[in-house]
Amino acid sequence: MILKMDRLPIELPKPNNPSPNDAAAIQELLGGKFGEMSTLMNYTYQSFNFRGRKKVRPFYDLICSIAGEEYGHIEVVSYAINLLLTGVTKRGIDPTIAPLADAVDFRNTHHYIASAQASLPMDSMGHYWTGDNVFNSGNLKLDLLHNFFLECGARANKMRVYEMVSDPTARTMVGYLLVRGGLHVVAYAKALEKLTGVAVTKLLPMPELSNNAFPEAKKFMEQKLHLELYTFSQEDYKQSALIWNGPHPDDGQECYVVDGSPKGFPAPDLDEEPQLNAPIGDDFDPQVFADMAKKMGIKYEY
Amino acid sequence: MILKMDRLPIELPKPNNPSPNDAAAIQELLGGKFGEMSTLMNYTYQSFNFRGRKKVRPFYDLICSIAGEEYGHIEVVSYAINLLLTGVTKRGIDPTIAPLADAVDFRNTHHYIASAQASLPMDSMGHYWTGDNVFNSGNLKLDLLHNFFLECGARANKMRVYEMVSDPTARTMVGYLLVRGGLHVVAYAKALEKLTGVAVTKLLPMPELSNNAFPEAKKFMEQKLHLELYTFSQEDYKQSALIWNGPHPDDGQECYVVDGSPKGFPAPDLDEEPQLNAPIGDDFDPQVFADMAKKMGIKYEY
Amino acid sequence: MILKMDRLPIELPKPNNPSPNDAAAIQELLGGKFGEMSTLMNYTYQSFNFRGRKKVRPFYDLICSIAGEEYGHIEVVSYAINLLLTGVTKRGIDPTIAPLADAVDFRNTHHYIASAQASLPMDSMGHYWTGDNVFNSGNLKLDLLHNFFLECGARANKMRVYEMVSDPTARTMVGYLLVRGGLHVVAYAKALEKLTGVAVTKLLPMPELSNNAFPEAKKFMEQKLHLELYTFSQEDYKQSALIWNGPHPDDGQECYVVDGSPKGFPAPDLDEEPQLNAPIGDDFDPQVFADMAKKMGIKYEY
Amino acid sequence: MILKMDRLPIELPKPNNPSPNDAAAIQELLGGKFGEMSTLMNYTYQSFNFRGRKKVRPFYDLICSIAGEEYGHIEVVSYAINLLLTGVTKRGIDPTIAPLADAVDFRNTHHYIASAQASLPMDSMGHYWTGDNVFNSGNLKLDLLHNFFLECGARANKMRVYEMVSDPTARTMVGYLLVRGGLHVVAYAKALEKLTGVAVTKLLPMPELSNNAFPEAKKFMEQKLHLELYTFSQEDYKQSALIWNGPHPDDGQECYVVDGSPKGFPAPDLDEEPQLNAPIGDDFDPQVFADMAKKMGIKYEY
Amino acid sequence: MILKMDRLPIELPKPNNPSPNDAAAIQELLGGKFGEMSTLMNYTYQSFNFRGRKKVRPFYDLICSIAGEEYGHIEVVSYAINLLLTGVTKRGIDPTIAPLADAVDFRNTHHYIASAQASLPMDSMGHYWTGDNVFNSGNLKLDLLHNFFLECGARANKMRVYEMVSDPTARTMVGYLLVRGGLHVVAYAKALEKLTGVAVTKLLPMPELSNNAFPEAKKFMEQKLHLELYTFSQEDYKQSALIWNGPHPDDGQECYVVDGSPKGFPAPDLDEEPQLNAPIGDDFDPQVFADMAKKMGIKYEY
Amino acid sequence: MILKMDRLPIELPKPNNPSPNDAAAIQELLGGKFGEMSTLMNYTYQSFNFRGRKKVRPFYDLICSIAGEEYGHIEVVSYAINLLLTGVTKRGIDPTIAPLADAVDFRNTHHYIASAQASLPMDSMGHYWTGDNVFNSGNLKLDLLHNFFLECGARANKMRVYEMVSDPTARTMVGYLLVRGGLHVVAYAKALEKLTGVAVTKLLPMPELSNNAFPEAKKFMEQKLHLELYTFSQEDYKQSALIWNGPHPDDGQECYVVDGSPKGFPAPDLDEEPQLNAPIGDDFDPQVFADMAKKMGIKYEY
């Protein structure tokens, strides 16, 4: 089970330049083979299916902790896409002015037909995310190797998407993912080291460019976000600390575990897009709820 | 963001009759079009993408609360599959005795090749779950109608899978899902009622057979599990209560919201399957971790 | 069995502005999850597979009648696409002038490679239509709820595609579909009402914007096209009238059933595109057929 | 547009031996790459998209006529599947006796979960039919060659499915398809001959085994069903006769065109399967409709 | 088994105008349904699976010979794509200048995210090549008919892609494929002729436009490349000559078989794209290998 | 370009117990995500797309050499499947005895409908192989890590399929793949070592069970097949030897490169299956070819 928070791990700036095609490209980091849906679901299924965990619980705890974090990653990528798509078509409810006319030339028409200018579980080419992206052999060493490879592949994708987008909303988000995904790269490397004695962290960075080359990532590293692994749990998964410890391969600083999650920031309220009837087509009266809320003693504002 | 718990919403009995083909059929409730991956991801994306939520927050809060619960549902279906698959092939590390020989005749060969006798994000026919199953128009009424239909379709699938499996592990799990999924059916019906004034709950039950016909479901209803909606959050989503209230259409009892989650039960430790090298092939020495744990002051047992 | 007519339900104007990308967007209404292939095939399979129809034949007849109409809808969407694609590349048979050069930048390259500037059973993102889009639980209430939801979802897509395209060919076609698909929305709502007593039509319109906001739709409504359900059969499916009756929720006018089909309009003859060798590359001599026709007493002109 | 008839082209006997796995195999002839969905949709799209048809109308008319017939073929395959699946699980509405228990071992679990023991648009391996199966280059010669190949491939599949199933329902249906599909093979061969002068019919039969080797097919040939091409239209597509004429390659008898369709046989009423809530779960009262029917002067019996 | 050569069948000129969207379109000829992956894999599987080959070995040998050639075709299409993509984004390792910014508007974002500006096994719409494209009934006549159709369909695609691209790299490659694929068309036509006596070659050219209309193709024909079939084997497949002989239908020149392969041209060395870390991110020192090479007596230069 | 040989790398014994379901399971090693189609196509595309190869040619040569070998692997898996499927249904051309009746209960009905009891490019669940399985970032270190992981995953699949099948045909083939795939595991480990200095080979074996536990594999190791890397080229790829050298991690013996390929064994002639019209339905007269062969001076026997 999980508890959900109405908060994002970082504060996303509003876009300077909302861009439909940047948003379409960023979909890769959400629903691509190496996107956050993949990391989330790989570790989630590995956590459910982990056999003989009692004997090797620190590995189980590590995978669970990272699985917990990945949920916040699909969230933050979705919000970045949503912010970039906010206001990219003409606002209003009159269909005759063709408010969505420009969208026929955009890269992702489903952002306008299947969603209301919002994220979808697909990649930058419009391929839907699929369960085929989940690897879970049950063999611990092989699953860890997979996860290490998956995170390196994901890092390559993040680097390339960073090179495609200049807007601060996009770059802040990708910079954050580079740091936190980078931590996961190191975490699985350390796990393999603990299991086998081989100095896997020395393969890093992969690809070779350091996170320091990305100013937004660098800023997060100055906040030590490359060093602290959260358990993303109130009470469980503390044995992650038996793996996540020792020096970080980038700068030699000590790695450490933090129980729970970062405090985070309130999820942004996304603007309505009335030309898409989102959220509702016309004259819903929130007063109905206000009256009920008063009666039930529940806080409600609009 | 989420916090993850190492607990399941219910206690799953050990199977009387582990069965590879029952497990294969149950995959439908996990990775099928109407399985728990679909309910989880539909509401999760609807929560991320919800535009203009400030004006209609009770609906947003309801969707978020249910999204939170669905994670526990993919978890409990996975564990039921895993328990039913535990021990269905010959144990041991000698490959020459063909410990997996029977598996060539089983319905799902990937349970033995791609996973270590464990769940996969696919349905009973081996189709992978796909992001194509997510519907999110952004129009509130249409999304609620979709969710209502999705839950009714999911209920039909649960009823049919119940009719396929007799083992108590399977039936306890499905009975639980019938009650909680049944609550979600009612919740979306009530949401549509609040939004439109139409008595949508009177369409229920759909399909027409009552949950009372399922003994395991009935038992959970006696514990009032059809009445209480959890926020699945420490602090957020409380305005769900502006929708989830009033009489339950089945028995007229009052519906109410509970902050947070049920207490739950510890996740079962799944047996090793050494013929599949799961979790590890041979002589890993847990003492290594024991020593580290001692040094770091972390609890570790094996 | 069916009888096929060489006629379209409406007269499609020639495009003012042939547009490859408008045509690509309109593909959504043909091969998308909520396109006409989906409505056609859902009701077609529901009609073949309907168990116990004797007891509830009016529902069976309604589904059959609507299934019959949907064929004309895939037809009219296809022709709209074909007209919009006519002449968008350079005409001629000399390949060295690169007559298709512009197509590398268009949204749907398969319009030029896989077809001869013509429709394909795929959506606006190039996803092929799939049988996975067919829902047919066999439970009447659930299937009707599905169909109601499907038509509402289809209506949302039509509204959005309308907002993307300004050309009269496209808008006439979408306006027509809004009215006839709108009739199907109401028909399934009435069916649910008949089956359950719940006032499902009061949920309409969904999305909230009325068809009156679309001038081309309005024109068709003035011709009462939102009121008359055709059986699309010479002799069968007359019991549809036990469901399709009473006031229309939009304007309170009486709904009524018409046996057979609308008279329709001749299917347009589409221009050749010689650069695509369509229909034939060079010097076919139709006189061959003229001679045969004369001999066989069959009418043949060219 | 089409007109739909509540009739099948042949009378299907009730199965001697209902069989879930025969039904699963027959799915290939419905939703397989070479199944009737493919022939239907290939010719349907080719008819909509046919450019320059005025010049070569006999080919257009032929494709339209055959497209019309294929609808009856998806129908007759569906009904054969449905009859073979009727009664294969335990009847009744009590879920606790596990009426669907055997289905976990059957080849197609979706027949029980996704449909109510009825056909689905998928093949014998559970792959959904897809629009990717439609070929429509727009070049007449190439499209005719494709159609000729498609029908030959379809014939091979029919022959092999015939060899898998012994029940008279199945064999009658396949025997019929062998004859009618065989006619389509010849029709496209004759079309290529007319267009090019090459004696394509001499390539037949392909595969080499004659339809005479199949007793059920032979019986239909004795009724001349291999000789008469229907226009499957009330008024159109008569120029098919400019192609479909001359001797049949099998027996030298004269080929001829019949306007309209065969008279056919009433579609069978399929038994209810109450364990699947099909069509409805419990106590629907048809008297409601009887009263309405009386009032409206419509014939209604139950 | 195969032996691989580091040589291409032709010399590809450097592009005048590298073009991301031309490269995206050319993907159709690589990973499309009628692309070279399909011809390669169809004949490869037909060669492995050929039953009773002893009796009809010339057909087996012909299929094997052509299968061998097709490998060189996927190679030459890949290289053409790679050359067209070389240098289309800004070179350098600083990500902050957004070197890939333009790519968000290109047709194929995976060229920049999933590969390093290089080919992928997908078509021009981003659909991955799939094994579903392989046809292998095992019936010789039907498989030959398929292959004949496949090559004609492939030829149509090549003609259309030629009409899309003007760059000499692209046109040289397509011209070459037109000639060699054209030879394969004729080869399967001759095979059908040998098997059945029907003059299948008289159906050609299909589509009707001659290869002489393509100047680059014409040039290769002047080198007799439409006349000589290679066995693409050192010792085997010589009985191809029992089929590949007699006059060529285009110009009446004699067809003949050449043992082995053309000599070919060295595979071009593709430029690095450092912004994509391809091949490596920074300061790899090739001297390491130079020293080893010296020690081992192996030639190594850089 | 390639040269093809009519030889397999090993001699496959005839099956003791032909088995349709063993054959269906073995499909995983051919068309599965970790099957030989994947290894073949990954390295093939990496070889075509390798940028900056001049600087790091030993890595390029290694990938090319292994790509060359993988072709023989898809071949040997196909033949093993084909041999196991030979004779599993009743032989004869009379369809009325239902020679394929048993096949409706087998795991892979496409072996009988889509092929003539022969291999298909799909996995054990019937999923087609897809280009989505190809990874090629262009970054050398990441691609090598991928290849290392891919080969380890492939090895796990081979081990599990071995545990499913007891027949000597199957086990000989899998034993061979374990040794040669095992060599590829080590080769990519050594490549990573050369590039980074990290002792990646020390992670082996992965999964932990040694190849010595598989008697058939052990036999091939006694022939030193785990030590010798072939260039699979007449003249090229010799710099592989700069990577493939030094001690083998299993037994410390010296690794070495052999130019060209193993000599291999003639490809087996597969029996006809006349009930599937394979290769031809009836009375083809090979004398036709004999006469031609005589005239042309080509060796031809039957």
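Each chain gets a letter, A, B, C, D, E and F, in the order it is written, and its residues are counted from 1.
Everything that follows uses one rule, which is that a residue touches a chain if its C-beta (ideal position, glycine included) is under 8 Å from a C-beta of that chain, and two chains touch if they have at least 3 such contacts.
Everything quoted here is computed from the prediction, not taken from an experiment.
**Student:** With one step meaning two chains touch, work out the least steps from chain D to chain E.
**Tutor:** The fewest steps needed to get from chain D to chain E is 1.
**Student:** Touching chain C and chain E alike: which chains?
**Tutor:** A, D
**Student:** Rounding to the nearest 5 degrees, give the angle of the rotation that lays the CA atoms of chain B over those of chain E.
**Tutor:** Rotating chain B by 180 degrees superposes it on chain E.
**Student:** Same or different for chain B and chain F, when you check if over half of the residue numbers at their contact belong to both copies?
**Tutor:** different
**Student:** As a quick test, compute the distance in whole Å between the mean CA positions of chain D and chain F.
**Tutor:** 40
**Student:** Which whole number of Å gives the spacing of the CA centres of chain C and chain D?
**Tutor:** Distance between chain centres, rounded to whole Å: 22 Å.
**Student:** Pull out every residue in chain E that's touching 2 or more other chains.
**Tutor:** 33, 114, 126-127, 132, 135, 137, 139, 141-142, 156, 207-208, 276-277, 280-281
**Student:** Can you tell me, using the touch rule above, whether these chains form a line, ring, star, complete graph or other shape?
**Tutor:** other
**Student:** Under the stated touch criterion, can you name all the chain pairs that qualify?
**Tutor:** Listed in label order, the chain pairs in contact are A-B, A-C, A-E, A-F, B-C, B-D, B-F, C-D, C-E, D-E, D-F, E-F.
**Student:** Which bits of chain F are touching chain A when the two form their complex?
**Tutor:** It is residues 33, 127, 132, 135, 137, 139, 141-142, 145-146, 148-149, 152-153, 156, 192, 196-200, 202-203, 206-208 of chain F that touch chain A.
**Student:** Of all residues in chain D, which touch chain C in the complex?
**Tutor:** Residue positions touching the partner: 1-9, 31, 37, 41, 44-45, 48-59, 64-65, 67-68, 71-72, 74-75, 78-79, 82, 114-122, 128-132, 134, 136-142, 194-195, 232-239, 241-242, 245, 260-262, 264, 269-273, 276-281, 284, 286, 288-289, 292-293, 296, 298-302.
**Student:** Considering the complex alone, what residue numbers of chain C touch chain E?
**Tutor:** Residues 93-96, 98-101, 103-105, 108-110, 112-114, 126, 275-277, 280-282.
**Student:** What residues on chain F touch chain B, complex-wise?
**Tutor:** Spelled out, the residues of chain F in touch with chain B are 19, 21-22, 24-25, 28, 32-33, 107, 124-127, 156-157, 159-166, 207-209, 213-215.
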